[in-house]
Amino acid sequence: MKNTNVKKGWNRDEIAQKVALDIPDGAYVNLGIGMPELVADFIPKGREVIYHTENGLLGMGPVPEQGQEDPELINAGKKNVTSIKGACYFHHADSFTMIRGKHIDICVLGVLQVAENGDLANWSTGQKGAVPSVGGAMDLVAGVKTILVITKHTTKDGQPKIVKNCTYPLTGKSVVKRIYSDLAILDVTEKGLFVRELAPGIDFDYLQKQTGAKLHEYELE
Amino acid sequence: MKNTNVKKGWNRDEIAQKVALDIPDGAYVNLGIGMPELVADFIPKGREVIYHTENGLLGMGPVPEQGQEDPELINAGKKNVTSIKGACYFHHADSFTMIRGKHIDICVLGVLQVAENGDLANWSTGQKGAVPSVGGAMDLVAGVKTILVITKHTTKDGQPKIVKNCTYPLTGKSVVKRIYSDLAILDVTEKGLFVRELAPGIDFDYLQKQTGAKLHEYELE
Amino acid sequence: MINKIVKSTEDAVKGIFDGAVVMIGGFGEAGSPIELIHALIDQGAKNLTVISNNTGSGHVGLAALIEQKRVSKMICSFPRTSNSTVFPDLYAKGEIELELVPQGTLAERIRAGGAGIPAFYTPTSVHTPLAEGKENRVFNHQTYVLEYGIKADFSLVKCKAADRYGNLIYNKTARNFGPVMCTAAEITIVQTSRVVELGKIDPENVVTPGIFVSRVVEVSNPVHESKLVFENRTYP
Amino acid sequence: MINKIVKSTEDAVKGIFDGAVVMIGGFGEAGSPIELIHALIDQGAKNLTVISNNTGSGHVGLAALIEQKRVSKMICSFPRTSNSTVFPDLYAKGEIELELVPQGTLAERIRAGGAGIPAFYTPTSVHTPLAEGKENRVFNHQTYVLEYGIKADFSLVKCKAADRYGNLIYNKTARNFGPVMCTAAEITIVQTSRVVELGKIDPENVVTPGIFVSRVVEVSNPVHESKLVFENRTYP
């Protein structure tokens, strides 16, 4: 009975909330497909954040009410969305001008693997015969000012997703700034991975065991 | 008295009219500053020609009536113009996409010199101390499908403007397709300059003397 | 007189030849010119190289064109689809070639093709498998990869309204690749929900200037691909 | 809350530093942000590199900035003007540097700078003196010249209407270099004839998305440069 209240790690919403806290007022943000999309639900009140979707909309709003969907108003994941007041539409070359030209402040992405030097792999497992699909992932990591990763700390099989070197094909080299997992928040620095915050019930040693790269602790002044 | 009716050469309007006759219905046309602008006045009835001005307007119309000028509606020569029904405005990069991307059918330009191989010089006399200014001339000759030249056959001093080799700095190499002067219309071909039409009162020998490059006659079949 | 309006989708796709390079607009179903694609299926051209962001859904539109084995090569950024096995099946059998291009690089290559830019450098894909065999070059201490402008013989594009000059406006995120594809083809073919009188589109709001458009056909009630897919429809 | 509106042109040009690279919109007087330029004259920054198509008229606006010897280098396509001797006089004396760039190459270099493209090849200027010393390269049997993307510390741009997000629309041919310059500066400063409520600009008609804009100041009755020049006005 004494263990029922001991919480271990963060759930998906809680991870998304942690990311959301780090998105400042006025930021232009691109959210990847899947878990990253949750982030929009947790932006603290009072902050105005503008969402970019690479298929040509700045000022993406929430999903429409049922019956209000417009098949010509979708996001990069091809789901129905809405647009906010002050939104604008543009073509694909202009959209990637925003991305490649370093105009987007933050991109939150899911990953297959992320390495201690910030290498990111999220587009292909390199499997023979599979249809390789890259979409805008490589453009985003090459162009957006700050790349944040949101991920389960390990795969379903318990294999680390945070590794010394990516074994999957890279999406971009040395691009990730911070990793938000169910177990911790890690900063990617020139000196390696530093633990910024541990999730409830997670200690450094446990975290290290779940991680395929060496972790460092910040020294307190 | 018998000579008063003998006309020699074409006047400016007549040259412009000759150019206009060669502009087909539906053409997208960019007219250079000065004499080329006259061409628009002589497009045969029934032909619809759309004028591009590189400062961001497709569908340029005639000069406005007095009092109707808008200082923010001008052409590349910075003169007040109007826009026609079906016109559109766009920014400079898009405007030169039209030019460089070979979307404009015809550009009519004035010249300092044009050579027998189609080399064109119209932006600089190369004088020391003068302020060099190129504007869109090099883009036009590099990008527009067909470059037509409209010019007096010789300078005010009687020097040929149609020459074997340009002595002025080039605007573009081998770009001119046809030359319309007060004395003749010349085709620029791989085999040299061919006389397409002689102005009234001008014969081949006289024309050759006014020209700094060898002229050829088309053989009749 | 300039009149780019043609009477039928059949007239619109005339002249598309075997072996042609064809750009097809759309991101998913948004902006996909399904009626033009179906007219192209009927028209018969084969051995096509198709440039489009995706490979279609179900067994209609682009997926149907591929299923009819009319496409020998796809150039796209995201050929994997959740609701079609047409491309993956042919790809697995080696019956269709794929050139995978990052989405932003694809858009920029098309824009460059239309703008007379033969090649440019981009940071996208550097140090990844998609940059393998490509020229790397350092500018200001950062590595970039050389990519080439790309052009097509034909572009098929969908829009919301058009006039007889070929001036176009689009609907929301259905704009996507349309404007750049219009600039990059020898012959640009557009299906529009509405043909409007000259001057009805405010000159300030034209998205694609008519100079980039060759033929316009009105398809006043275009089908929704997702609806066709939901109904398990096939074409032809 | 996002609010890019600032109260005065003085606030708008704050922080422009000595030695800054400044893009200034306009083609002739159309689109020239005169009130911002005059605020910059008052503000005092010097040793500027200015990127603008022309060099101004009379003794106001850009010509006045140059006349005050605040510009050490001009990058432009057409510095010669019929109604100002300011630039030519300084140029003849060797007191101002000039980088002459063909107009389309200038527009494309700015667009590239804003789009994260460090360099591209163009057919413009090949075999002319403006290509001297530049890299030539052959693609498909045609020669092209390598040109570099260009960025600025600040852009000064004029538009017709803006909202607090910085979304902009322009007026007719005053659009010219504005949209590309907005994309290519660290800090983009815009003067607008009108500030409008969010949502007043149709999302389909926004020309410059707010993401490219840092500061907006309302100048509701901007002067006409040609009128000032006609009246022989000077600034300050």
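When the chains are written out, they are named A, B, C and D in that same order, and each has its own residue count from 1.
As a working rule, contacts are C-beta pairs under 8 Å (C-beta built on N, C-alpha and C of every residue); 3 or more make two chains touch, one makes a residue touch a chain.
Just so you know, these numbers come straight off a predicted model, no measurement behind them.
The chain pair A-D and the chain pair A-C differ in C-beta contact count, and the higher one is A-C. Inter-chain centre distance (subunit A to subunit B, centres taken as mean C-alpha positions): 57 Å. Each chain gets one centre point, the mean of its Cα atoms, and the points for subunit C and subunit D are 34 Å apart. A straight line joining the Cα centres of subunit A and subunit C is 30 Å long. Within subunit C, residues 108, 111, 115-117, 122-123, 170-172, 203-204, 207 each touch two or more of the remaining chains.
Touching two or more other chains at once are residues 83, 89-90, 93, 96, 99-100, 142-143 of subunit A. Interfaces, counted as pairs of touching chains, are A-C, A-D, B-C, B-D, C-D. Interface of subunit C with subunit B (complex): residues 1-2, 111, 113-117, 163-165, 167, 183-184, 198-199, 201, 203-204, 206, 209-212.
Across the complex, subunit C is touched by residues 53-57, 70-75, 78, 83, 89-93, 95-96, 99-100, 124, 129, 131-139, 142-143, 169-173 of subunit A.
For subunit D in complex with subunit B, the touching residues are 27-31, 77-80, 87-88, 91-92, 98, 100-108, 110-111, 122-130, 170-180, 207, 224-226. For subunit A in complex with subunit D, the touching residues are 25-26, 28, 46, 48, 50, 52, 58-59, 83, 85-90, 93-94, 96-104, 142-143.
For subunit C in complex with subunit D, the residues that touch the partner chain are 108, 112, 115-123, 137, 139-140, 142, 144, 148, 169-172, 202-205, 207.
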